[in-house]
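Some structures to go through are shown next.
Two complexes, one shared chain (subunit A), two partners (subunit B, subunit C).
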Partner chain A sequence: MHISEGVLSPAVLGAGAALTAMGTAVGLRKLDYDRLMTVAMLSAAFLVASLVHVPVGFSSVHLMLNGLLGVLLGFAAFPAILAALALQALLFQYGGLTILGVNTFCMAFSGVLAGYCFKAVARICPGPKGQKAAAFCGGALGVALAGLFTASALAFSDEGFVTTAQLLFLAHLPVMLLEGIITMFMTSFIARVRPEMLHWR
Partner chain B sequence: MKFIQFYLVSVFLTILLAPSYAVAHRVNIFAWMEGDDVAVECGFSRDSPARDGRITVFDAKSGEELLQGVTDKKGHFRFPVPQSVRRDAHGLRIRVNAGEGHQSEWLIAADELTLSCALPDARTQPSATEAAAHVAASASLLSMSGDGDTQEAVRRIINEALDAKLAPIRHDLAAAAASGPGLQEIIGGIGWILGIAGIALYFKGRRG
Partner chain C sequence: MFDQPFVHDCPIQAIDPRVRLVLAGLIAVCFASLQQPTSCMLALALGACLLASACPPFIPLARRFAAVNCFVLFFWCVIPFTVPGETFTVFNLIPVSARGVRLALLTTLKANAVFFVFQALAATMQPSTAGYALQSLGCPHKLIFLFLFTGRYVHLLAEEWQTLNVAAHLRGFMPRTSMHAWRTLACLLGLLLVRSYNRSLRVCEAMRLRAFSGRFTTVTVFRARHVDAVFALVVLLCITGIALTESGVFYG
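This part shows the complex of A and B:
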């Protein structure tokens, strides 16, 4: 879901960059010393996950993990995803530097919202089962919202919002399910091993 | 238990049936000369072509839009070199928009166009030493053929044959240049992130 350079108008690029700057500022303020290495490791996981294509059937899928980052990091997902996407743009020419703001906002803000959704669902239904359901919702919602935000950004270019949103949603349905399952397993593993990681502000 | 089984089956079914085009990082575009035509190929990765991608061809120098088209099932598109570009010796800028924000461009330089499309007056002049051998060789040819028209025809045939032979090599070169990231780059990326985190830790630690 990287938008290429030259597709969007300068106004959308500027808005994306401003929103990403704000999100990153909030993320860095909430980030304390002890969690820095966690953020870096999850940023590396985000970088690698979207590069590894898993061949399934006639097509291949790759993970996005923005939901997982949001669930585990909250607003600190912004700097993590910004770093990973900047490196993808510089090293692999995915996306581009001018469009980095829009791409980061689409991926990171959806992750942050997914993180809050995880918190809300986990509070409504407590217990390990509720937490699993919450993590699944978070992982799947991260992908779905990223598609929605990407489609909204593209709505300002010459592509229609509805068709793009539908295409992205359909193509990412399997990714949503997969991400939900992976987020569920990761979260329940972390809840057992290092439960304090789940309690970000 | 039954629910989980149903769930897993449905996951794998959706993955099997899902279209792959939108789950991509970027669209690749290659273009090369085949005779008087320009052949364009668009794809997302090595084996998934970009179907129904919108192709727009621009004059590389003036930026004027020359023609538009749509790629076929295999991601291919062909068009003859526009006369205006050939006459003015401008290059071509070919842009593909494959939807969902995926867009790429490819440049064909002016000399590549003129090399492929035999233009009588735009030939490169042979150097002095070459010219001597050239004259001796072509003298016999000319004495048989008589005029410059036949020479031009031979040149054209040779160019066409060379284009046909070189097309797969050009294609492979373009494909190699656009291949995905290797293990080295991926590991390098991880290293970068950990390095940045290390620097951040250092400064945060100094501040206390």
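This part shows the complex of A and C:
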């Protein structure tokens, strides 16, 4: 998911940074210091969860969980993902400085949209089954949109990257299903153990 | 899991963290806009010099280098064969485009140049130092708060995850491709989130009891010295040289 430094054009990098700055400003405005602690802790938990590899066939994939973060935090997912990605760049060299804006926007905005999708589906189909369906849609949409945004960033950088962008998006499709399933089980678990977390934002 | 092998005594540690962060950002922006192979090579050379001054340990550096170049390798497997343009050579009856090779080469050089610079200037500081440096550079307080606490608790939560993992393994859990294994893994991750949420409420109450008002007071004081100015000047001169090479001044 993380695009390396030196790949995208300066225009795309600038646009990503500006959109992330706007999203982060909106997210931070909605948070007071009491809620910031919870966002920081969830951000750290997501950073740890993103390192977990889930077995799929002969290989394994790592989770993104941006959809679930969008469900739990709404627009506060922007600063949470920005902090987590900055830390990830510092600790593991996944991503980097100039690419931070684009990577954050791709993951956070798709997470925010996935959160709205979760709310809409849960409202249309109330009850535990509706909530499971909503969580699956939210998790899957988070990955699908993140893949789409990342592929678009590549395609807009240079016309030579269009095929690479298409391949990158196609690679996200199986992960999308897995992420939907894991998000569904996680949401179901949280709804049973700590239901107020789902209505925290 | 989250150790920082690049943080150790080395010449680059003598430079003010704020100067290092500003220079890392400036260099990354400058390198991202390069389009000529010659200037990209110079950028890579500058990155290698800075990295040498950070004396990085070999194995962690090789691991990070491989992580960055995985994405670059994916580019080499696709771009030379899919970008339209003049044929450079033929590989197994598939034409390789000259423009595709140039694009992949530029990407490789730039990605590695920025990687070297980032490892030398930013990865050599602790997250807390980076947070305080960003704070003194004028970053929003709430964002710094988020960064510092994420950095503070990520180690604890990683330990908590390992404990949960060991507990699951002791009860005979084996990660497989099955719905049961995915459900178990999701429940463990859910438990991690619930525990982190509970912990955040406790920490927040404890901090409020200690009269935390949202502002950090730190004993870390950054002072710019002559050596920082000299270092910044040398790096800026190098960037200017690379920018002039990119604009073709030296070719006439």
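The definition used in the following text is that the second predicted complex is superposed on the first by the 176 of 201 C-alpha atoms of A that agree within 3 Å, B and C clash if a C-alpha of one lies under 4 Å from a C-alpha of the other, contacts with A are read in each partner's own complex, and residues count from 1 in each chain.
The rule is short, and it goes like this: a residue touches a chain if its C-beta (ideal position, glycine included) is under 8 Å from a C-beta of that chain, and two chains touch if they have at least 3 such contacts.
What you are looking at is a predicted structure, and each value in this text was computed from that prediction instead of being measured.
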| item | value |
| --- | --- |
| Fit or clash between subunit C and subunit B when superposed on subunit A | clash |
| First (subunit B), second (subunit C), both or neither touched by A:40 | both |
| Which superposed partner A:13 touches (first subunit B, second subunit C, both, neither) | second |
| Touched partner set for A:49, first subunit B, second subunit C, both or neither | second |
| Subunit B versus subunit C as contact partner of A:150, first or second or both or neither | first |
| Partner contacting more residues of subunit A (subunit B vs subunit C) | C |
| Touching partner for A:185 - first (subunit B), second (subunit C), both, neither | second |
| Which superposed partner A:89 touches (first subunit B, second subunit C, both, neither) | second |
| Touching partner for A:164 - first (subunit B), second (subunit C), both, neither | both |
| Contacts of A:21 with subunit B and subunit C, given as first, second, both or neither | neither |
| Partner chain in contact with A:97 - subunit B first, subunit C second, else both or neither | second |
| Stretch in clash, subunit B with subunit C, out of 74-82, 92-100, 110-118 or 128-136 | 92-100 |
| Contact residues of subunit A, present in both the subunit B and the subunit C interface | 2-8, 33, 36-37, 39-40, 43-44, 47-48, 51, 56-57, 83-84, 87, 91-94, 164, 167, 178, 181 |
| Contacting residues of subunit B [partner subunit A, same complex] | 10-12, 14-23, 25-27, 45, 48, 97, 99-105, 180-181, 185-186, 188-190, 192-194, 196-197, 200-201, 204-205 |
| Subunit A - residues contacting subunit B, complex | 1-8, 33, 36-37, 39-40, 43-44, 47-48, 50-51, 53, 56-62, 83-84, 87-88, 91-95, 150, 153-154, 157, 159, 164, 167-168, 170-175, 177-178, 181 |
| Residue numbers on subunit A that touch subunit C, as the complex places them | 2-8, 10, 13, 24, 28, 31, 33-34, 36-45, 47-49, 51-52, 54-57, 63, 65, 72, 79-80, 82-84, 86-87, 89-94, 96-98, 158, 160-164, 167, 178, 181-187, 189-190, 193-194, 197 |
| Parts of subunit C lying in touch with subunit A, wherever the complex brings them together | 1-2, 4, 24-25, 28-29, 31-33, 64, 67-68, 71-72, 74-75, 78-79, 82-83, 99-100, 103, 106-107, 109-115, 118-119, 122-123, 125, 127, 130, 140, 142-143, 145-154, 156-158, 161, 175-177, 179, 181-183, 185-187, 189-194, 196-201, 203-204, 207-208, 212-214 |
